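Below: a set of structures, written as structure tokens.
After this come two complexes, each holding chain A, first together with chain B and then together with chain C.
After this line comes the complex of A and B, so read on.
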């Protein structure tokens, strides 16, 4: 395990990092979890329920025993189960509040049965449903965390509403799951591979990266991106791919994560590639020294789940090796930060 | 994101039930499984000719559906990486050899502002 010193944030892995490995035929959950453990990529283990658990949320008792057995025998510690609230389950309408509550409640019970201490939901699970879920979360001993993923930032209206809710309820059972996609310093280079495959000219990718890096709210840059990309000959699907770079990669200052505390129940260590720099391992697209500083200053001692997502753009790199590199980098950064001031 | 995994290179075959047409195996262009009710369309174009949805059927783990049944199917799921069999009828038998197979998948993912999905096109070989 990549154990950090006591009192520091703990490291871990989400199986989402291994999406391509899970897509491959013949792979099974037990083998994948064993490999994460064998490569010392714990102690925390997270997974996406609708990705890694066939039949979720209606697991048979045998399946449930099997998954628990895999987790218990791995030596890893279940950290978080990512669940979903499929508001668009039925064509032509969204789930009602009652349906939405039930859809999540069943999964919360499932998370508890598998021994996960935190369940991640998306921002589509809003304050009213969260408040209804609170008694169940408390009874089950499962915290519910709302993931703050790009394009959300601290300024977004839904985030402000959540912050108000968590402050008012003052409960450890509801909170945020910061995802580093919201606070990036550059568009990752791995997108170049995906754009090459999609036939997008390198100049278009460069233009998008340049617009992305300019100051100002990302949402306000869409018209200029559309206009300039179209002028440069991009087809509508290609413009869609370029716009995706704006929505998947947020530009919030990493220091702003401090504003989400003390209501942070889990952290997604989203990343797209660690490289060897002049001063050791570094991440060109995420400012991890700044993130580590916030986590130490806030006294966070929960799990940072390594969430490698460049597999969406490229299959050129080993996700296992990338997580190893991120763990080595994070351990060094977290342990180098000065001792936490008492809060 | 996972567009290039949609059309499977293996498993392309002629129908073996007396009808003319074929079967192409397809995968979900998403990072997780979705209930079939959230699969809005799996559009198929073979050698440049669109195949009407009414002449196709969709099979996951042995369960076969017509496309007009999918919107009501909330209790079965197309899992990530799972090969679904997209069977299609044609007027003429498919000739052995190479065929251009294009598939566009539309998914209704609730937190995305626009319909999601993906498209992929591959040259597949039908054995003689």
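After this line comes the complex of A and C, so read on.
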């Protein structure tokens, strides 16, 4: 385990980091959990229910026992189960509020049965459904956290509505799951691999990175990206891939995560690659010293789940090695100064 | 766009089935999706466009016409399971085929635009592969 000092954020891993490993030999749930434990990448263990659990959201009692057995024998601590509100489940219509509530409620019960203390939902689960889920969350002892992922920022209207809800209800059972994709300082270099395979010229990738890094709201930059990429010869599907970079990587200042407290129930340690820099391990695309400072100043002692996502762009790196490097870096950053209790 | 795209159709995906060429397809999405997410299956084999009405699909052990998949919202296509496309293309073990597939998966929790329509995530494949004998 990568144990941090008492009172500090605890580290962990989400199996989502191992999306490519899952497709390889030995990549079943038991194999991946065993490997995470063997490499000391806990103590926290998170997973995406629909990714890792065959039969979800209706596990048989036997499947449930089997999953619990895998978790119990690993020595890891279940930290968060990512669940989904599939509003577009049926072609041509969205789920009604009642259907949506039921779809999430079934999964919340499933999370409780497997021993997860937090369930992550996406922002498509809005304030009305969340408020309706509150009694169930309290009864089950499972916190429901809404993930704040790029392109969301603290300024986005849905985020403001959630903040208002959490402040009004003043409950520990509902809150946010900050995801560092929303507060990046550069587009990750792993993107270059995916663009090469997709036949996107390096000049187009460079143009997109340059526009991304310029000041101003990212959403306002789409027209200029479309125009300049088309002028430089990008095909419409390629323009779509370039625009995706603006959606997947947000530019909120990491200090703004402080505004989400005290309603933070879990943290996604999203990252795309740790490298050896002149001063030790560093993350070129995420300002972890700033994030660690916020977490410490807010007295956050929940789990930071390492969420390696460069697998979406490249299979060149070992996710296990990358998480090891991130854990080593985070432990150093978190333990660098005496803890400050702000709440 | 990414490493999973290359695994949608794998080197051993083609089988000479009893009623034509069978193509094993893996999802390029990281999580299991409900079966109606199979929104678009544009398939061309050896230059011949296959009418979706001629396709059937086996997933979770059940074979159904592609058109009926949209009604199977309570079933999911798991991350590590192949889905088999049954085509009317004549074949035999050892025969080579060029497979061009544009797979469009409707992502039910990512809603886009003012009408809140699910995102369709495409993955394009163009591979020439050899059919194996039927798996019995």
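As a convention for this text, the second predicted complex is superposed on the first by the 338 of 343 C-alpha atoms of A that agree within 3 Å, B and C clash if a C-alpha of one lies under 4 Å from a C-alpha of the other, contacts with A are read in each partner's own complex, and residues count from 1 in each chain.
Here is the rule we use: contacts are C-beta pairs under 8 Å (C-beta built on N, C-alpha and C of every residue); 3 or more make two chains touch, one makes a residue touch a chain.
Not measured: the values here are computed from a predicted model.
K.L.:
When the two structures are superposed on chain A, do chain B and chain C clash or fit side by side?
P.N.:
clash
K.L.:
After superposition on the shared chain, which partner residues are touched by A:48: those of chain B (first), chain C (second), both, or neither?
P.N.:
A:48 contacts both chain B and chain C.
K.L.:
Scan A:91 for contacts with chain B and chain C and give back first, second, both or neither.
P.N.:
Touch status of A:91: both partners.
K.L.:
Look at A:16 in the shared chain and tell me whether it touches chain B only, chain C only, both, or neither; answer first, second, both or neither.
P.N.:
Touch partners of A:16: chain B and chain C.
K.L.:
Quick one: is A:314 in contact with chain B, with chain C, with both, or with neither? Answer first, second, both or neither.
P.N.:
A:314: touches chain C, not chain B.
K.L.:
Between chain B (first) and chain C (second), which, if any, makes contact with A:171: first, second, both or neither?
P.N.:
After superposing on A, A:171 lies clear of both chain B and chain C.
K.L.:
Show which residues of chain A both chain B and chain C reach, each in its own complex.
P.N.:
16, 19, 22-23, 48, 50-51, 54, 56, 84-91, 94, 122, 124, 194, 197-198, 237, 312-313
K.L.:
Hey, which residues of chain A end up touching chain C in the complex?
P.N.:
Checking each residue of chain A against chain C gives 16, 19-20, 22-23, 27-28, 48, 50-52, 54, 56, 84-91, 94, 122, 124, 194-195, 197-198, 237, 241, 244, 311-315.
K.L.:
In their shared complex, at which residues does chain A touch chain B?
P.N.:
That would be residues 16, 19, 22-25, 48, 50-51, 54-56, 84-91, 94, 122-124, 194, 197-198, 237, 312-313 of chain A.
K.L.:
In their complex, what parts of chain C are in touch with chain A?
P.N.:
1-4, 6-7, 26, 30-34, 36, 39, 70, 73, 76, 78-80, 106-111, 116-118, 122
K.L.:
In their complex, what parts of chain B are in touch with chain A?
P.N.:
Going by the criterion above, the answer is residues 1-5, 27, 31-35, 37-38, 40, 71, 74, 77, 79-81, 108-111, 119.
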